[in-house]
Structures are given as structure tokens and as C-alpha cells.
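Handing you a structure now.
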Amino acid sequence: MKKADTYVTPNQEEAGKFLHGALMWRGSVTPRLLPGLLLASCYPLILALIDRYWTPLPYLNVTPFEYIGAVLGVVLVFRTNAGYDRWWEARKLWGGIVNASRNILLAALSYGPDNAVWRREITQWTIAFAFACKESLRQSQNFDELKDLLTSQQIQELQAAQHMPYFVAGKIAKLFDQAYRRHDINETVFKELERQRTYLIDCLGGCERILKTPMPLVYAIKARRFILIFLLLLPFSLIEKAGLNSVLIFLLVAYPLLSLDRIGFELQYPFSTNSLSHLPLHGICNTIKANGLALLESVAASRTDNEN
Amino acid sequence: MKKADTYVTPNQEEAGKFLHGALMWRGSVTPRLLPGLLLASCYPLILALIDRYWTPLPYLNVTPFEYIGAVLGVVLVFRTNAGYDRWWEARKLWGGIVNASRNILLAALSYGPDNAVWRREITQWTIAFAFACKESLRQSQNFDELKDLLTSQQIQELQAAQHMPYFVAGKIAKLFDQAYRRHDINETVFKELERQRTYLIDCLGGCERILKTPMPLVYAIKARRFILIFLLLLPFSLIEKAGLNSVLIFLLVAYPLLSLDRIGFELQYPFSTNSLSHLPLHGICNTIKANGLALLESVAASRTDNEN
Amino acid sequence: MKKADTYVTPNQEEAGKFLHGALMWRGSVTPRLLPGLLLASCYPLILALIDRYWTPLPYLNVTPFEYIGAVLGVVLVFRTNAGYDRWWEARKLWGGIVNASRNILLAALSYGPDNAVWRREITQWTIAFAFACKESLRQSQNFDELKDLLTSQQIQELQAAQHMPYFVAGKIAKLFDQAYRRHDINETVFKELERQRTYLIDCLGGCERILKTPMPLVYAIKARRFILIFLLLLPFSLIEKAGLNSVLIFLLVAYPLLSLDRIGFELQYPFSTNSLSHLPLHGICNTIKANGLALLESVAASRTDNEN
Amino acid sequence: MKKADTYVTPNQEEAGKFLHGALMWRGSVTPRLLPGLLLASCYPLILALIDRYWTPLPYLNVTPFEYIGAVLGVVLVFRTNAGYDRWWEARKLWGGIVNASRNILLAALSYGPDNAVWRREITQWTIAFAFACKESLRQSQNFDELKDLLTSQQIQELQAAQHMPYFVAGKIAKLFDQAYRRHDINETVFKELERQRTYLIDCLGGCERILKTPMPLVYAIKARRFILIFLLLLPFSLIEKAGLNSVLIFLLVAYPLLSLDRIGFELQYPFSTNSLSHLPLHGICNTIKANGLALLESVAASRTDNEN
Amino acid sequence: MKKADTYVTPNQEEAGKFLHGALMWRGSVTPRLLPGLLLASCYPLILALIDRYWTPLPYLNVTPFEYIGAVLGVVLVFRTNAGYDRWWEARKLWGGIVNASRNILLAALSYGPDNAVWRREITQWTIAFAFACKESLRQSQNFDELKDLLTSQQIQELQAAQHMPYFVAGKIAKLFDQAYRRHDINETVFKELERQRTYLIDCLGGCERILKTPMPLVYAIKARRFILIFLLLLPFSLIEKAGLNSVLIFLLVAYPLLSLDRIGFELQYPFSTNSLSHLPLHGICNTIKANGLALLESVAASRTDNEN
């Protein structure tokens, strides 16, 4: 969460071929787990060596594992599902931002004033809203993609705002108010535009909720503590039967458990570029920009046609 | 995903008879898995032969399998549910397109202007919206079904648009605007039409979200990697007990695991005609077309009655 | 799905007594499974006889069953939940039809025109909508319950319509339009009535979605194929230990598996009178009719009071 | 469901202490299960006695139990979740009634006519709606709590209505209509009041849906039949190993299974005072009444202030 | 629930490092469980001592545990999920309060009257609503954070109100009414403001629903009773095999079971500062306050600009 020293690609498409998917390295959590896993494997190794060359370890009946195992299953399923639900909800909220931006632009440009300056401004700021959300959710202020849309003074104002997306929403509200007061848009369109603008703020609020409210910490602690206890006890029930092989078995059990825990952790932060499979906010924002500018041009052309 | 060389029938109805369903070939994932399965079965065969004729293989205690097995279960349940939820959400969104198209046409033709040209145009473009969505989601531009509705020039314009459904939505918005400015529809109806048109764009946005955001790649990789590890180790715990029979057992275990993985993969792409059980978008679009044209005629008739 | 030769009672209330519920025959899937189960039990019987009197069968280690068993569990849970969700969603949609019909009638009769003819007509057609939905979803055209409300000519027109509920919705829209044009209802009430009428169409659209889109066929095939493989292999792991008893055990395992599969299949078609536990659409429609007519009378009485 | 001879307290708060909760008697299903459990325990007892003193019983291999056990698990999870979902949905719908009542009163008293009679009447009938819902859902007509609000004649009219909540909704609609026709409330407020009144009917409709549509009977039968088969066969796999102890083991297995079945049954009827953990509708209604009357007074006071 | 003698930090962020998370003490339920766990461990200890030094205890076959274990799993999964769902729903409702407060302020300050007093008052009371909700849900009346916004008389009035948030909502409604009657805001804005104010009350109603309706008591009792029976019987199946080790195994089984039960209990009360991982309402309210005051200032500045 602190430094973004390694660049992580956003969520990509799955390969159709089974083996290709199974052996993928980039985008998988394995590289992040590897050092820990190797370190952890020393634990059963040392125990196995003690058992073989020094003194036999007490043998732990397998019974308690079954019960802890079931509880572990419950906790991991829960964490997996909750993590994915948060991730997918975040994606839906960004889908809402895409839809609302499109609806605002389609309505504002189709039914709005003929004034070319107003049309350009509403397009600029509606596009800027998505970028402001992205940067705000990533605790960053990099607006290079907006340099062709906004003046550097506008970008500075935006960066200086206490809450950037809220600032942009205020700009949009002002433009609507202007057009409405000049009777350039009628009440129905104004209402609809307001509804969509409000929806933009609702979506952003949802994203902030996901960003600021991690899963209940009691669960997260519990999940990890159960995994830890489970792995600490595991060698005692393995060594008698499996000897040095128990290091391998330990790794084969630890790998999926720690992977699922890690995936649950990564998916909790769907906005951060440090997270694996983070949402492709960059691409989403640029789609909004491209669609918006294309519509601005096409509407401009068609308006000119109509007037001729 | 690349070439559509094999034609796949969309989602069909289930047969009532148990055996008929159990033995169905067409529409099942088995043909797609068969080559891989046969290839994979060489692996335990070779191991079993080595074990019997050359040197006995190390025997792997069954314990780690139980744990990996449980994690595998978690991951497969998750993938199955998430895949189905995406598929069903996509179907609901298309249900929304059907409903909104019907509502637009019923309102536009019942309360809209008497102008026969306008009525024909609004029917054309509302029907065209569904087709444009279908083609856009399938990354194709085949509008043969619209040839009796639109002129070839209109179809060319549509095909040339940067974003086809957005282009059609613009056309519909223009028609509404026209009728409203001429006071052919009152504000209430205009508002309702606008609400439905906005809803069309929301549904399309939802479909694009599903199309462009596959399941988190971390999960997909993990699911396949666990299956792979599981299957690679399986023979070592089978051969001692089962000998050459372990090839059969291997197949019986690999078949359902790979099937569920494949089904999860197929359901992720509910729009592509390459996917098994893809949504019957063709049929849905044609239903919208048939209903719309029938309503257009019946309203035309009833309007003529009223005027007489 | 083809012939309705056996009359099936709709979903009934559960008995409070445990044994009464456990031994219920009517409304259970058992009668539908019995012939198949008896036939299927020949399979382990023949194998057991071969094993005893002719030649011992190969004994199958229990291991693969556990894995296939887990996958079977995943698939059955999935099918059970998905089936119930569809059924309950269908019930909710019909709840929506009840609510919208009530809201339309309460608003139309409380705030609508004093015109007794109009009031009677709106009541007739609103009630008719529910019946038209029921018949349309059941692919039938039996409107005997409407004979006291509509003239036989109106019923014929209804039966001749390409899409019956859509036809009725058109009638309702016309009545609203009439009242609005004559200034008998104000804009607010017109808007609310329109919203509810639109909601009727949305609910119907949802029901049609459930009717026309069965669960993904890939799943249905897979669930049945896994059950089949499972049952085909089962005797090989039983006969050595259990001898002829394995026929009984086979039945005890096959009965719940096939029951759950059958229940999943039945719940997929919540509208068909052939399905067990189908929705009581008949009762729902008649409730709408009774409530609607009672309100019509009470409003008529209260209006007369007011005018006096 | 027939006689309410035992008074059941509604859903209470859980105790913080573990043992206190674990040993709670009141509000638990155990008293309802005890007679049946004791009776059922005769079954393994008789079998064990036969086995010991007369003739050894056939011993049933444990294998089929595992499969039936898994299916039982699926069915019980399903029933548990579905029961809770219905219960919680019912609670949400009543939460909706609380919210809508509050919103109606706040809007009607803040923005409505100054007429004190009208204000009193709208408060009376809005409060009466919740009580009418409660009594209607409990198939009762006891309006003692309303005696200080309504005249005995009004209560009689209410009791005589075909559908009590619908009758009250009609009264409320009439009051809104009155105020609107006299221009005492403007269109915006009228619209909002109508929206909330419609929502009241939607919530009631949802409650009636839950009341009238029990879980699919096929499931309920199946769940109980599987439990019965399971328990009937259980002693045959226990007696050889456990002898007379198997009566205890039988009870320890039967108790949770029958408890979960019973809980599923009880939660299906969240409105009935005969059900354990039924919703505290009495308390909810009285909260609506207290809040409503307090607001009526405070608004009356503040209006007097303003006028002075 | 009674005394808040120990200060509990609200839900915090999860640590990225696995071990850090696994060994966290603060924010975990373990400190609350420790005394009980130590006490409970006397039970197997005494039994083991009796078994060793006095008389061998009867040995309990492991079979019944498997079944009770499965039911326990069902009940724990259910409790875990239901607890988290309530917690997350509560968080969503507070997200709704944040969004609605922002929307009210943005609309009221952008489109509302120029009157600086009105603008200040609407900001004060909108911010006060969130604080009133927080205090009301925590059954407290501490409004120290509002001292810079409201006069001490206003705070006293607020504390004296029968239902504090309802009182504030009445204040807000009055301000809207004032502005609307003076034609300072047009109908569209008034409608939108009303919609958002109504939504505030809906969110509060949802929170009160969660606060006042704990999970069905039948479940809570059952979950704890099953855990109790399970733990009481556990030593009888352990002691023969494990001797004094069974105390350790007992603890390892009891710890996760009691933890999950406790977590389910804690998450049921997401508002109480006594609960672990309670919602950070304090922080949420202060965010609303900071954003609101910042907007008030920036709008004031921009309005002054415009007028100049």
C-alpha cells in the first residue's frame, strides 16, 4: 500500500487453454508468496531433522485437524466470497459511473443549449469527474490524461480541492444551473441531468465505502490465526508417517491456504495499482473520454446540419 | 475466442427424461475436453508402467489431498457460482432491454404523434437498438436482419459509428426531441420515454461491464493451478493400491474437475456464439422485432378506427 | 411438458407434524421417480447375481468416489439453489403484478373520472391483465374466469392477439390516455398510473425471461452425467462388501440424488401446471379479481355518498 | 397453527454470555421437540433390545450414510437459509412500513394543510394502517390499541372491510385527494405522499406473498423424508458397535437434525404469534403510533408558534 | 452492552504481512474468550485425570460427532454469513447517509437561496442529522462535536426530543419549506431535496431495524447449544487415544468454535462501541462535517465571485 515500486498490470483476460492458465506467472499471487513459503518450509524441515537425528517428536492424533479444518474451510469460503463481492461491487459502481457519464453527455448534448462553449465545458468536466474519482480513490493527483481537455490552471484548482470529485461535481452542477437559468434546457432535462449527477456522487460514495471499510478485522485476524495454528501443528501429525517427505506435504498444504488468504487480501483493495487483478480504472476512464469526445464532435456536426 | 469456425447452438431447453439429459452430447463441454483428457491419461499410464516394469514409485500418503481437495472445492464452488451469476445477470440485462423496448414502443405509439413517418422511424430505431447491442457485444457488424427496416445507407452509417448502440440511442433521442419540440408528446410521456431510453443505455453498460471484466485473474489462475497440482500428484497415491486401474480412476477424477473448470470458463462469455450455452440473443432480438412491428400495425389500425 | 394428462395441485402449505410431512405422497416427486428407480435397481441386482453365481466382479477402490462425490455435491447444491431462486423470483414477479394491479385500481378509482363506464372498464382490463399473463405463460387461452367481466367478443379479440398481455396493456394505456385527454385525471395521477402500468410489463417480461431461459444446459447435462457415472460405478465398490444388500444401498443412494435432480428440474418451470409445486397462479388471479371488484363497488358507494 | 393456547414471546435479544445462551429454554425449539424425541428414542431402544436378547440385527455398512448425509446437508443448509431469508425479508418489509409511515406523517404534517382535523385524521389512519396490516397478516381483528384513536364505529367499519389494510389505504388516499383538491398541498408533496402510500401497499403485498407462499412443498417433503430414512437406518449401523449406547448416539444425531427442520418450519411463518422468534409486530406498531402522535403534537405546537 | 468500561477501537485496516495479521492481539476476540477458554479446559483435564487415576471413562464411538459436526458447520456458516451481511448492510446504510448528506448540501448550496443564514442553517442541520443518528443508534446524547455548529440551546432541544434524528429531519424539512414558499428554490430542486431527505430517514430506519432485530433467537440458542453438546462429548472420544494430550486437543477445537460464535455475536451489534470491529461512525460523521463545511465556504466564495 505504501510504495508502488513494482508495476502491476490490471485484471486481464483468462486464457482459453487450461495449461496456459494453470502455468501463468504474471498476474498470479505466487511470486508474492514465494519468499514466505520457502522460509516457512524451514519449519517442518527442522522438525523432521530433530525427529530423525535427535529425539522423536510427540505424534498428534489427526482428529483435531478435521474440526479445525472444517472451521478453516468456513472462514476461507467466507473470505473468498466477501473479497470477490467487494471487487465486483466496485466494478459495478464504476459501471454506474460509465453509464451516468454517457447519459449526462447524451442528454446534455442532444437536448442542451446550442452554445458550443457550454457543450465543450460540460464534456470536459463530465470526463474529468471519472479521472478525479480514479485519482482520489488511488490517493494520487496525476491528471496528465486531462492536459488536452483542461487548462493547467483548472488542473491546479482541481488538485488543490479538499475533495476532488466533489469539486468537479460542483462545476457540473454550476453548468446545469447556468443552462437552466438561461432557459437553455427545460425542466425535464434538468431533472434528468440532476438525477444522473446525483448518481455519479452515489457511485463515488460507494467506492469510498469499499476503500475505507475493509472486511471486519476480527475475521481477518481469525482467518490468519487459524491458518497459522493449523500449519504449526501440521508437521506433528505428518512426521511419524512421512518423515522428510512431510516438508513437501507441508508445502502442498500451505501453498493453497496462503494463496487463498492472499487473494482475499488483494481483492479487498480493488482500486490500488499495487493489488493484483485491480480494476482497470485507467482503461475505463479513457473509454469515457473517447466516447464523450466522439459524441461531442458528432453532435456538433449534426447540429450544424440541422441549422443549415 | 478467435475464430468462429464451429457453429454452437445457444442455450436450449433441458430434456425431461433423466437418461436423455445424462447422455446428451450436443451442447455439452465433453467434446471440447476429450482430446485433452485422452492426452492427460497418458500421464498416469506412463507412471503406472514405470512403477510396474521398472522401479516402484514413492507412495504419497493421502493426507495432503484432503486439504487441497477442500480448497479445490471452495475454489470450484466459487467459480461455478460466479460464472452462473454473470450469465444470469447478462440475461437479466437483456430482459431489461426487452422490457424497455416494449415500454418505449407502447408509450411512443399510444401517446405519441399521429405522424406515420415518426411512428415508423421510432419503431425502426428502437428495434435496431437491440440488434446494435447484439452485434456490438459480439464484435461483429452483421445487420442482415435489419435490411427490411433500415435503408442500406442507414445501415452503413450504423456500421461506421464509433459505438453502434450509442449511435442508435442518439437517433432515438433525436426523435423524442423532435416530437417534444413540436408538442406532439406531452412532458409526462417525454419524461417516461427518456427514462426508458436511459435504461436501455444502463442495460447495455451492464453487458459491456460483463464482457470486458472477466473474473479476477488471480482466481482463475489459482483454480487451474490447484487442479493441475492435484492431478499431477494423484497417481502417486493411487498406483500402489490400484495398479493399472489407476488410469481409469485418474480419468474419473479428472473429468469432473476439468468439466467444472471449463463450464466456468464458457459461462464467463455469455454473449459469444463460440461459448456453449451462450444467450440466445438472436431469438431475443427477433422477438423484439416481431412484437414491435405487430404493435406498430395494430396501433396504426386502431388510430385509423378512432379517426373515422 | 407435452401433455397435461395428470392434474397437479399447486404449491400447498407444509404440515406442522414431522411425520405427516415426511410421509406425504401427493405433491412429492417420488411417484414420478418410482418407475425409474425400480428399473434402475435391476442394474445392481444383475451385477450382484453375476458376482455371486458366475464370476467375481473387479473391486473398485473407494477413493475416486470421494472426489466425484464432492463435485456432485457442488453441482447439486448449485442446481437446488438456482432452481429455488428462479421459483422465488417468479413468485416475486407475480407479487409485483398483484401490487401494481392494486395500485392501479386504487389510484384510478380514487382519483380517476366519475364516469362509471370508464371505472368499470379500467377494472375489467386491469383484472384481465393478470389472467392474460397466466394464460400466456402457460401457453393456453382459457378465459372462462373472465366471462362475467368481458363480452365474448372482447375475449375473442384477446385470444386472437399476437401477444395477449401486451394487447391488454394497450387497452389499459388507451383508457389512461382517454381520461387524461378529457382532463379527468391530472398529470400526477396519470404519471403514477403509467409507472404502474409499465411495472406490469416489466414483471411480465421477467416471467417470460424465466420461462424462456432454462438453466445453462451445460450444467444440467453435467449434473445428470455425474449422477449417472456415480451410480454406474457404485455397485463395483459395494458388491464385495455388501453382496445382495448392495441393491438396497444402491437404492438408498440413488433415491436422494435423483430426487434432488428432479426437484431442480420441476422448479425450473414454476408456471406450468404439470410441475410439482408450481405457483398458484389461479388463486393469485382470483384474489386480484375479488379485491378489484370489491374496491369498484366500495368506491362507487362512497362516491355516491360524497355527491349526496 | 390452529390454536394459540401457548403464548410465545417474540424474537428477543441474544445474551452476551455463552453459557446463558446455550442453556436458554424459553424461546428455544427444544420444548416443542421433546415429546417427539423421547418417543423416537424408543425405536433404537427396541432394536437394541431385540439385538441383544433375541436375534442379532443385520449390520449395515456405513457407506450409504455418507452419501445420504451429504444430500441431507445440502437440503438442511438450503432450508435454513431459505427460512432465514424469508424471515429477514419480512422484517425488511415491516421496516419499509415504518419508514413510509414516518415519511407520510412528516411530509403531511410539515407541508400539509393547517386544518387540525385533517392533520389528526391523517395521523390516525396512517397509524391504523400498520395495525390493520398486523391484524390482517395474523388473520385476526383485534384493534384494542386503536380505541384511543378511532371511534368504535370506525373500528367496526374497518373490521367489516373485505381487505382491512386496503380499506385503510383507501381512507388515506381520500384524505390526500381532499387536501389536494382544496389546494392545501401542492403537487410535489401530493406526488411524494402518493409514492409513500403506494410503497405501503407494496410492503403489505410482499408480506402477503411470504404469508401465502410457503417454501416449495417438494423440498419440505424431501427434507423430512431424508431425515426419516436416515434416522430409521441409523440404528442398524450403530447397534453392532455401540450396543445400548446407540440409543444415546441416536438421540444426539436426531436432536440437531429435527431442530434444524423445526427451525426452518417456524421461521416460515414470521407473522404468527404461535411461531418461535416471530417478528415483534406489536412493538413495531406501537413505535409507529408513539412517533406519529409525538410528531402530531410537536408540529401542532410549532405551527402555533409560527402563526403567533 | 451495559457498560463501556473498555474502549474498543473501531474497525481498522488489515496488515499486509501474514504473520503480523495472524499474531494481532488488539481488535481480536481472543482476549474476550481467554478467561472462558481457560476455565473450559478444566473440564477435559478433570475427565482425563479421572480416567487415568480412578476409573476408565466410557469410550464414545466417533460416529455421532461426524453428524453433529456437519450440522455445526451448517449453523456456523449461517451465523457467520448472517452476521457479516448485517454488518455490511449497516455500513451501506451509513454510506447512504453520507451520499444523501452530500447531495442535499451540493443541491441546497448550488441551487438554493443566496441567503447566507439559510445556507449556514441547512449545512448545520444536515451535518447534525448524521451525528443525531450516531448518538441515537448508540443510545447516547453526547453532541460535543456539534458545539461549534449549534448553540447550546439548540443542542438541548435536540437532546430533549423524543426521537433525535426525526427531530432534525423536521428542522431540515422546515428549512426546505421556507425556501420553497419564498420561491428561493424551484420545484425541481425542492423535489430532489425532499427525495434525499426521505432517503436519510429510510437509511436511519434501516439502521434501527438492524439495531432492534437481532438474529432469530432460535438460531442463536441452537448454535450455542450444539457447540456445548459437542464440546461436552468431545473428551469421551479423545481420552482413550490421547490421554492428557486431549486437554490440548480440546482447546484447539474449542478455540475456533467459540471464536466464530463470538464473532457472530459481536458483528450483530455494528453500532455499539463495545463491539469489536464496530463501524467507525465517529470518523464517518466527521467526514460529513468536514466536507459540508468546506463546500459551504467554497460556494460562499464562488457566489461572491459571481455577484461581483
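So that you can tell them apart, the chains are marked A, B, C, D and E in the order they are listed, and the count of residues begins at 1 in each.
Here is the rule we use: a residue touches a chain if its C-beta (ideal position, glycine included) is under 8 Å from a C-beta of that chain, and two chains touch if they have at least 3 such contacts.
Owing to the predicted nature of the structure, the values given are computational and were not obtained by experimental measurement.
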Angle (degrees, nearest 5) of the CA superposition of chain A onto chain C: 145
Computed distance of Cα centres, chain D from chain C, in Å: 24
CA centroid of chain B to CA centroid of chain E, Å: 39
Contacts with two or more other chains, residues of chain C listed in rising order: 77, 187, 191
Ring topology as an ordered chain list, initiated at chain D and continued via chain E: D, E, A, B, C
Touch list for chain B against partner chain A, complex: 1, 36, 58, 60-61, 63-64, 66-68, 70-72, 74-75, 77-78, 82, 162-163, 166-167, 169-170, 173-174, 177, 187, 190-191, 194-195, 198, 201-202, 205-206, 208-209, 213-222, 224-229, 233, 258, 261-262, 265, 268
Residue ranges of chain C touching chain D (in the complex, touch as defined): 11-14, 16, 18-19, 21-24, 27-30, 62, 69, 73, 76-77, 80-81, 84, 87, 91-92, 95, 98-99, 102-103, 106-107, 110-111, 187-189, 191-192, 196, 237-238, 241-242, 245, 249, 252-253, 255-257, 259-260, 263, 266-267, 276-277, 279-280, 290-291, 294-295, 298-299, 302
